[in-house]
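Handing you a structure now.
Chain nomenclature is as follows: A, B and C, assigned in order of appearance, with residue numbering initiated at 1 for each chain independently.
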Amino acid sequence: MTYEVATPVYDGPFDLLLHLILKEEVDIHEISLLTIVEAYLAEVSKMEKFDLEVATEFLLIAATLVELKTRRLLPSRENVDLDEELALWEQRDLLLSRLLDHKTFKDVAGLFSSLMDRSALSFPRRSGPDERFAELLPDILEGVTPLRLQRAFVRSIMPKPPTSILLDHVAPIGVSVADALLELVETLPSIGRVTFRELTVAIRDRIHVVVRFLALLELFKQRRVDLEQHERFGDIVVTWIGGDNMNFDPTFDIDDYEG
Amino acid sequence: MSDKESDVAREDVEIVRALEAILMVAMEPVDPSLLAQLLEQPVAVIEKLCSGLADAYRSAGHGFELVKVAGGYRLQSHPDVAAYVERFVLDSQQARISQAALETLAIIAYKQPISRGQVAAIRGVDPDAVMRTLQARGYITEVGRDDGPGQAVMYGTTPSFLERLGLESIDALPSIAEFVPDARVVEALEQGLRIVPQASGDTEQA
Amino acid sequence: MSDKESDVAREDVEIVRALEAILMVAMEPVDPSLLAQLLEQPVAVIEKLCSGLADAYRSAGHGFELVKVAGGYRLQSHPDVAAYVERFVLDSQQARISQAALETLAIIAYKQPISRGQVAAIRGVDPDAVMRTLQARGYITEVGRDDGPGQAVMYGTTPSFLERLGLESIDALPSIAEFVPDARVVEALEQGLRIVPQASGDTEQA
């Protein structure tokens, strides 16, 4: 089963997610949450003006999607932690309500468009008082001199200073899951067995850790690695089981839409 | 009609003429309470006279109409003859608004006051550029700051927005409940975001 | 208001409605030849219809009238109810020019003839409301139409603007030539801000 994802222009990852879920002929199992997560990371990295609130929202949504994906990939456990389970349901419900909001406001936009089209057919009377009332009008040019006018002109042609926030403390996200995957495929076979903590010890940026974790999940799905976690919050042991044969393109299989 | 009533009606004629004259020199919708104050009449009387005047214009078949928009009364050209007026007003500023801007405006209109981050959470994209355009057009404005620790700037719609949509007030918008997606959509979304893998024997490909 | 308004010949009804609509939205008296062109009628017919409309308004006892001033037709408030209009004008006008209005006036003074779209491009915000105020005060006026396909209305300053500023002619305005190269520095100093090397010129455009 193949379909075009690139043809329609999506207005961001939510639009894409909504489209994928609501497109009935597509098996819902096929939905690539990873694509959406990557779209979010791309959104954050291309943000014109870094806004912590906006970035946090995106990362929260991305994290929820990661968790949902993790659940589907990993076999269900027998002893489920109730708090953890509740937190996940809460996150999922939040995401669900946002998707519903998104859909709702897309429909409201249609109403706004038709209201605007209708009101554009009438033009308001806006002429103001005519010259018979001129002497009643306060002199708004009181105190305005040719020099002030000149200064106002100079000020108006100036580029407005962009309101910017210092970004020194925020590292740009420069790594995609595909990149992380390539990196792992290059290093893991020679190491054989390693813990996730060791794999990420040199990474200071949390988002890079997330990206690397997603890459590991991909390898797990492709049966190139085995993952073990002996206790909750315990370290994850990664074992390379892909053999020495590197004759596959590790990026080829990432959540593509081939059935 | 009794004599008393026709006396009142005669007195009203003067008020109605004054109303027409004021609306003729106004540059934006005129608040009924200002009209009430200037014409020394209760607001209810002003509202009644304006609505009567609007009816009179309609039945006389004028090329203009009296409407209540953005909380005030204004005279405007009749939509029937828009084609002629458009020829006259060639550079009308009613530029078309993008789909992204409409969706953003929809969110702000129903959820105001709302921060940029909250808009982003629903839109799923950074609304910065679109919100600056909407602000430059005068459809939205900063209405305060959030009480929370971030003290995010909160946005709301303006009277210009109401004028652009031809709405009397924000309450004239239909209830958001009318737009809530139907059960089929909700079900599909729940299924798409399900936590527990399906019980059926099919293989999970994620 | 009265049945007399329906005196106009039936076949002219559409033209009369269009005429009313155009006069309702016009900011300045409209030349009969422009009306003739817009409504595809001979000038003589337009003159006759306008005069008929003026009579109809008079006999219906409206608070507005249709008059011919400065060679064009204009709807205006009726002198009978001028006292109410005066109250409204006194109550609703702002006393001092806003920063936005001053900048808009400066752009028009230095760049005339200029269209509203061009002013918007420089200011980065819609100057519509501000320009209407300046026009209503008689400081700027329509000076023609652009030759381009849009035929945008072009604006310029008025003799009363020059008089008010004590200028012989528009050429007597202080030169801006020397400011243009260093303008960014001047601005930065004024605002007490650091100069950003790659500050882009169109941050307002989205």
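Some points to look at:
Just so it is clear, contacts are C-beta pairs under 8 Å (C-beta built on N, C-alpha and C of every residue); 3 or more make two chains touch, one makes a residue touch a chain.
Remember, predicted model here, so these are calculated numbers, not experimental data.
Across A-C and A-B, the chain pair carrying more C-beta contacts is A-B. In terms of the distance between Cα centroids, chain A is separated most widely from C. With centres computed from Cα atoms alone, the innermost chain of the structure is B. Taking the mean of the C-alpha atoms as each chain's centre, chain B and chain C sit 25 Å apart. Averaged Cα coordinates give chain A a centre that lies 46 Å from the centre of chain C.
Averaging C-alpha coordinates per chain places the centre of chain A 31 Å away from that of chain B. Shown for chain A are the residues in touch with two or more other chains, namely 123-130, 133. In chain B, the residues touching two or more other chains are 24-28, 64, 75-78, 85, 89, 129. Taken in their complex, chain B has these residues touching chain C: 13-14, 16-22, 24-28, 30, 34, 38-39, 56, 60-64, 75-78, 80-81, 84-85, 87-91, 93, 129-130, 132-133, 136-138. Put simply, chain A touches chain C in their complex at residues 123-134, 136-142, 144-150, 152-162, 164.
Taken in their complex, chain B has these residues touching chain A: 23-28, 64-65, 67, 74-79, 82, 85, 89, 92, 94, 97, 99-100, 102-103, 105-107, 109-110, 115-118, 120-129, 150, 152, 163-167, 174, 176, 179-181, 185-186, 188-193, 195-198, 202, 204-206.
If you check the complex, the residues on chain A that touch chain B are 11-15, 17-18, 20-22, 24, 28-31, 33, 40, 43, 46-49, 51-54, 56-58, 61, 68-69, 71-73, 76, 88-89, 92, 95-96, 98-109, 111-113, 115-116, 118-130, 133, 221, 255.
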